[in-house]
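Only one structure is covered here, and it is reproduced in the block below.
Labels A, B, C and D are assigned to the chains in the order they are written; within every chain, residues are numbered from 1.
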Amino acid sequence: MVCTIEITEKPTLNNPILIEGLPGIGFVANISALHLINELKAKRFAQIISASFQDFAVTTDSGGTRSPITELYYVKREDGGRDLIIWYGNTQALTTFGQYELCGKVLDIVQDLGCRLVISIGGFKKDQVQPVPGLYTCATDLETLKEVLDLGTKIMVGHVFGIAGLLVGLARLRNLKGFALLVDTLGMYPDAVATRYALETLGKYLSLKVDLANLDSTADQTKRILDSFGLIRNLAEEKKKEEQAMRWFI
Amino acid sequence: MVCTIEITEKPTLNNPILIEGLPGIGFVANISALHLINELKAKRFAQIISASFQDFAVTTDSGGTRSPITELYYVKREDGGRDLIIWYGNTQALTTFGQYELCGKVLDIVQDLGCRLVISIGGFKKDQVQPVPGLYTCATDLETLKEVLDLGTKIMVGHVFGIAGLLVGLARLRNLKGFALLVDTLGMYPDAVATRYALETLGKYLSLKVDLANLDSTADQTKRILDSFGLIRNLAEEKKKEEQAMRWFI
Amino acid sequence: MVCTIEITEKPTLNNPILIEGLPGIGFVANISALHLINELKAKRFAQIISASFQDFAVTTDSGGTRSPITELYYVKREDGGRDLIIWYGNTQALTTFGQYELCGKVLDIVQDLGCRLVISIGGFKKDQVQPVPGLYTCATDLETLKEVLDLGTKIMVGHVFGIAGLLVGLARLRNLKGFALLVDTLGMYPDAVATRYALETLGKYLSLKVDLANLDSTADQTKRILDSFGLIRNLAEEKKKEEQAMRWFI
Amino acid sequence: MVCTIEITEKPTLNNPILIEGLPGIGFVANISALHLINELKAKRFAQIISASFQDFAVTTDSGGTRSPITELYYVKREDGGRDLIIWYGNTQALTTFGQYELCGKVLDIVQDLGCRLVISIGGFKKDQVQPVPGLYTCATDLETLKEVLDLGTKIMVGHVFGIAGLLVGLARLRNLKGFALLVDTLGMYPDAVATRYALETLGKYLSLKVDLANLDSTADQTKRILDSFGLIRNLAEEKKKEEQAMRWFI
């Protein structure tokens, strides 16, 4: 099966932009995506599970089960702006092979919906973070890069690991446009402060007003979900864990 | 090949329920499944082997060979109750990838036979177990949960690893119903006592009378089979073994 | 690709028997197969390579290259006996997944040629070996078992690892007949003595006369080939090597 | 996906020769390939990415992204010589499985373009290297071997790891001709000196004049690219790294 995809609706979208928000460093992308979904009342239209996810079920407080999963949501904007597709989930794949498969499948789906621009969000792990964290970017092309630099970001130096990097890299190889938006974070907990700066910058890029008043609550919600998956705990115990199992945290 | 499936009969079943009984903690599921097969004279109709099983043959006392395998049995009930499909075997898959494949294939087969409800059984490893061990559950939906809680189980807190968790999780993602039935066990040997409580509760849920007089003998039979596969021994040596090889024991 | 198969000839064979002879403990199977090929002038008709073999080329003394490969040979017997298919090679697959794939493909090919009986040969590693080494067997069915026990073998107790075990196990699951023929060996070098006893017993089973005068020379030839693949050296350094890379030696 | 291939042009070539130039020991092949591409103004016609590459993006100084990738270029010679296909890239695959897949796909593409001869280039790691480094070869056949030995190379003794060995080995199994051209190198940095000798010998074989004046600059260019991928650094830290991640360096 590798990836199992269930598409429940095929929305007609206006020149949509994919925003990636899977768990990663500081959980900046994950909180961002959940906050956009909450605030913009995004509608779920696809779920993608992979045989490269962990093989367990997590229980909820109310006796339900939650599985490793990623989902696609869409937002139809009524302000004339480009529509959004949000890629949200509680995991990345456990192997490089699984990451490529997962990312490839999602790009297949969103390209089919007319998406030609992808944005990945991520934390940039620092030992110390300034009160106003630095924002960084790298892009598929000079034009896109310039647009993002103009928002006050700096050029990213180094590697962008995991889905955040893979998505922009594969987008470029598919002749899509895209950029990564990375923000300084200690990376040790779901970082609402870093997420605020990421979302503000993203909002400017998208000409989109997102109410950030409830952001702390979204960060708490993210923490609870990821906690139940053992992801927060693992982050602290990062060094004891084998590289492969949690490789996309590093 | 990944999974090789041989279906020898395609039974017509009455709204059947899948009961999962592969080896796991305390071998509660495995003894339960074997006991149901023995007592209900379940009929084997499919075998599923996976390239993610171990690559060896085990010899029997009489010079035969036994391979890592899982099988599906069915029980046609004559008391008007829903028919049963029992998933029995001597192994789980060695990798998460293999677990997803295996579980997906079995769900494909049983859904094709009209199954819309799955039950996985498992041990909940405790350092100490009360004379009457605790029973826990998590379910795909509130209605199913309530039914199982009403039988005297408590809400499971934590992860359900391996096939037991994966099956209920994937069932939910496929819009099937299901629950896991977990029972306290030290987990260090095939636990006939824990299995007795699991089977009694399962029997109540299924309105099914299962004679438990021979349960100790079933546990012994399970022990002999798994012993020959090195599974019992491995359980005691658990900590020395690499995580991947026996990962679904932990 | 997983497995790449090249079949250069599709021979018409009389109720053929597959004899497996890939490298393993004491290289008993490997020397046996090569000796049968040499003495019976077996004809190569297929090569099977797998993406689960090692990714290197080995150089020969004369500047040629040799790749990890397995091959199928056939022997048409003119004495009225059943024809033979010999599975020879310089490697097994590096992963359980690869082993299943490889074994499955070979069974597909030989079943297509009418083969309903498989024989795997192997060494049974002992710390000490008697002057006349013990011979052991396990079989897919009682009738075959009895035939092999009648040749002076004893019932094998334990696991048969790697292709030798997998082949007989998968044969049984495919409703083929078959047995493993295992002989005591220290397992530390290509064991011509153990091979002699294996071939004598195999010859009796097949009612086939095989000249064993040149067996030492075949063992030397096997040693040179496997040496160039680093297999002999690895055997001595077994404990230092990671389990996966050379897992089928243990 | 395993391998994703994008072919942007299907050139008509005159009896073309494949020259492999992926990163490896001393980066001799990688510098050679880039130098040939630069000097011969080779034209890119295909890109091959694999799910067995690393899952990250590397940033460039100017804010761009670079992904793990391999590419095919062609050179149409106007001097009547055989045309060239150059396989260039910034990575090999991370697993043996991925290496086989990658190599198989490239052979499929070039065979489709009429290629019947492949050349892999590589470094032969030595603790000490003479001022004039030794050159070694192994070939698919005696005729090809003789041609390469006549250029002053010696017979290679040992294993040829990674794509360099796999390519020649698979070529032989596909009834193509080919050889590996290996040159002594300390292997600790992109070795322009070793590359010079490799290219001079290759030029003689191809009756092709390649200007080597800018070779140091090509080596610097290679160093910068591979540096950004962490490959140069990794080489020095080789022993600390896990075998699998960088296995094709050893």
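To be clear about the criterion, a contact is a pair of C-beta atoms (placed from the backbone, for glycine too) under 8 Å apart; a residue touches a chain by one contact, two chains touch by 3 or more.
All values reported here derive from a predicted model rather than from experimental measurement.
Any chain touching subunit A that also touches subunit B would appear here, but none does. Taking shared numbers over all numbers used, the subunit B to subunit C interface scores under half, which places it in the different class.
Between subunit C and subunit D, the superposing rotation on Cα atoms measures out at 90°, rounded to the nearest 5. Put simply, the C-alpha centre of subunit B and that of subunit C have 36 angstrom between them. The centroid of the Cα atoms in subunit B and the matching centroid in subunit D are 51 Å apart.
For subunit B, the set of residues that touch two or more other chains is empty.
Chain contacts in this assembly form a single closed ring in which each chain touches exactly two others. Across the complex, subunit B is touched by residues 96-97, 99-101, 103-104, 137-142, 145, 149, 155-163, 165-166, 168-170, 172-173, 180, 243, 248 of subunit C. Subunit D makes touch with subunit A in their complex at residues 1, 4, 6, 47, 49-69, 94, 98, 230, 242.
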